[in-house]
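Take a look at the following structure, please.
Chain naming follows the written order as A, B, C and D, and within any one chain the residues start at number 1.
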Amino acid sequence: MSIVTVRFRSEALGKHTSFNVIHPEAGPGPYPVLLQLHSYSDDSYSWLYGSNLARHAGEYPMIVILPDGGTSRYLNLATHDRFGLQRYEDQMMRDIPAEVNRLFHVRDGAWAIGGLSMGGYGALRLGMKHPERFASIWAHSAGLRPLDEAFLGLLDDPADASVDGWAERLAEAGSGTGPRISFDCGVDDDLLRYNRELDAHLTRIGLDHYYAEHPGAHTWDYWDEHVREALRQHAEVLGVVSVDS
Amino acid sequence: MSIVTVRFRSEALGKHTSFNVIHPEAGPGPYPVLLQLHSYSDDSYSWLYGSNLARHAGEYPMIVILPDGGTSRYLNLATHDRFGLQRYEDQMMRDIPAEVNRLFHVRDGAWAIGGLSMGGYGALRLGMKHPERFASIWAHSAGLRPLDEAFLGLLDDPADASVDGWAERLAEAGSGTGPRISFDCGVDDDLLRYNRELDAHLTRIGLDHYYAEHPGAHTWDYWDEHVREALRQHAEVLGVVSVDS
Amino acid sequence: MSIVTVRFRSEALGKHTSFNVIHPEAGPGPYPVLLQLHSYSDDSYSWLYGSNLARHAGEYPMIVILPDGGTSRYLNLATHDRFGLQRYEDQMMRDIPAEVNRLFHVRDGAWAIGGLSMGGYGALRLGMKHPERFASIWAHSAGLRPLDEAFLGLLDDPADASVDGWAERLAEAGSGTGPRISFDCGVDDDLLRYNRELDAHLTRIGLDHYYAEHPGAHTWDYWDEHVREALRQHAEVLGVVSVDS
Amino acid sequence: MSIVTVRFRSEALGKHTSFNVIHPEAGPGPYPVLLQLHSYSDDSYSWLYGSNLARHAGEYPMIVILPDGGTSRYLNLATHDRFGLQRYEDQMMRDIPAEVNRLFHVRDGAWAIGGLSMGGYGALRLGMKHPERFASIWAHSAGLRPLDEAFLGLLDDPADASVDGWAERLAEAGSGTGPRISFDCGVDDDLLRYNRELDAHLTRIGLDHYYAEHPGAHTWDYWDEHVREALRQHAEVLGVVSVDS
């Protein structure tokens, strides 16, 4: 695969910023796209340095975008000025897709979205909030702990941050019409309880999903292993086949 | 010179981020340091791509640090949670100096600080607020427009954002003891008026400084030319001599 | 503009390597392409750090590719093994175009080619050798000194390295059918004499070209200024108009 | 850890080039150094993207240097001109150490050296040829296939390329005085036979070493796993202790 770093201007952040791309080596495109989100404390390089994602993803004729989501949970944090902008949902949903389409040979249609921890929360929330934009979601060790008051104060509308809420709207729209939804968590992960609660909630409201637990904790060894299952689902849903098959 | 990119973890931002470094080619060190700040909408690459700073700075045995200040005006924006952190003053004054000292051969003692527009404001404010940390300040086209209410609401203490205020404290401490202070502005720059006001204010309160106006507007052609004077002052104050001399 | 770094596998070098891209910010493409070559001792970053090319080129809806040509003069140096490969002409003419077409939205048709010193030689030679591939050539301070025996020994066919030779073939094919050919040199440049000789040779053989001399020596100040004329020609020949016009 | 990219000028290559650095996050230094070499077709990013080396190495207060060795086998390929330079041994032994010492806080004394395939050959050869410079060697899946005639023609002295030869000199100097020597190979690796032959040769000449075979082939899964043992040896020999211990 080729590794591409793009430094561009994001309207949503009011500044230049960068994202990384794992670009398939084979074929002429157009390619489907996976938006793969990082965790709290990480950046656009974390999946590259912390795991073998570049190698795993290299098997698929699929563009993988690795953005920098700050510490925003991939939300639009409220600002009332052109300074201090942290409109990360807009960066993910508007600026980066526009730049990716402008630069690369991208297939029309829905993308896939994935991530770990804070990025797992981001993948579930963005994927369910924008079901017409994402055909496949896979979250690892999703950061689903209830948000505290201090953080909710950074939002224009706290309800917008709720994965449960977006799941309910999706269930109302009729299961089977939205993205394929999967998530997993390690049995020694402190976030296990919240992932189980989401699993129970989705079952209760009748939203089709796949949830799995595996040995392991909140570690890169866990994510390096289980991101391969996520890639397989994304590739299958997006209709691409492993280069090695 | 060598160009170095450092990706590290910043406590103040709660995340991994990067800065660029123009590192002198000659001599064994330890080297003095210049912290050179970018403008609104820019990032750690802007001085490298927008100007010939790498080439100009290569003449001096001095490390130039090019951080990413977001759109923060290099202030600590108020946050009440580990998410959404924008404590950029802390990144500039604590995290980056610690990382730079940990990585490179840095001479003990005060640094120099410079910048353009938002970064000119940052250089003046940080340099005057921390006079024991900076021996030389040079701001180009400083963004000195009064802050509006929306932005002041992002600060714990609006007074902390005032360049005038920090200048007054410095004047009270006795002129001649603090950093050498210089700034310039193009005569066709919309910020000219505010730079003239600062010049008048500093004169009024008796704070030694150098202020110059030149032909030109708020453009990279202007900064690419005038940053050379800034480098000469920083080198002189820090006691280093041009390699070419 | 966006700055893009691409790390890919080059067959011609038998290894992974990188090139930089100045990608226009405006419009959806497809974009015409300029291949801009560096000098001896430089690499794919030299035009970005040594000049304001990123800024100058940002005015045009044109992709600028900045490859790494090693110290090869952009020739295929002879090797008889998979180790030690330095087939740089093949990298320029085959691997990079394939990668650029695979990644980006590139307009069909001929590219432009430019460069300085060793890269000026490369631009003239590759542009004249492959007239169907390049519509516009502009060389600054071209490295046209006669090659010494040691270097000619690295080539399968020394005649292949001759700019004069390729110019003659082009003249025979009929002037006006090939690329627009321009070059310039500083009057204090040690290479001046060789550039004058090429000018005289092209005139003698009847190959249309533009040659100019300007104040200045073999310095980045010279190239930073005169690359703007080169960009104007490339844009005109490729039929693109400055964004600012 | 911090990830650092250094772009500098290498005399041995006659050009600017880059290397990557995994720099420990903890402690003030000075730090010992591991020079970790890549395989044929790879570059200074391969260990970062192909394996979890950044994460594994992050456990140790040790600087890891990831150079670009071209396709040179880390040898000085013969050239008789300033063009086409491929003096990679000189880059490894002279330019990079000088730059690393100039930039970073490096502990005096011998370094460690490692690598895979072509880089495993490089680690064994450079480590044994310069026993005063390296205290610890670990090669994975070393590229020890006999060199063919075409390649030997690129060398000033073919004997200089022989690992067996340098091992013999080391054995003559007295075992126990040189670096700790280890290597491993996968049982399904095509290079297995040559690694066994080196093991037998070292035993025959009485040079202390450790050789292991493991399940696996010439793959990144193999190297990602076994580089951890190599790091443990390097850390032990260099006298550093895992941060997690």
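The working rule: contacts are C-beta pairs under 8 Å (C-beta built on N, C-alpha and C of every residue); 3 or more make two chains touch, one makes a residue touch a chain.
These numbers come from a predicted model, not from an experiment.
S.K.: In terms of C-beta pairs in contact, which of C-D and B-D ranks higher?
M.R.: Pair with more contacting C-beta pairs, C-D versus B-D: C-D.
S.K.: Name the pair in B-C, B-D or A-B that forms the same interface as A-C; by residue number, over half of the contact pairs must coincide.
M.R.: Copy of the A-C interface among the listed pairs: B-D.
S.K.: What's the distance between the Cα centroids of chain C and chain D, rounded to whole Å?
M.R.: 36
S.K.: What whole-Å value do you get for the distance between chain B and chain D if each is reduced to the mean of its CA atoms?
M.R.: Computed value for the inter-centroid distance: 41 Å.
S.K.: Can you list the chain A residues in contact with two or more other chains?
M.R.: As it turns out, chain A has residues touching two or more other chains at 3, 7, 9, 45.
S.K.: Which label fits the chain touch graph of this model best, line, ring, star, complete or other?
M.R.: Contact pattern: complete, every chain touching every other.
S.K.: So in the complex, the part of chain B that touches chain A is made up of which residues?
M.R.: 7, 9, 13-18, 40-43, 45-46, 70-73, 77, 79-86, 148, 150-151, 153-154
S.K.: Which part of chain B faces chain C closely enough to touch in the complex?
M.R.: Residues 3, 45, 48-52, 54-55, 220, 224.
S.K.: Considering only the defined contacts, which chain D positions touch chain B in the complex?
M.R.: Interface residues on chain D, with respect to chain B: 2-9, 23, 25, 28-29, 99, 102-105.
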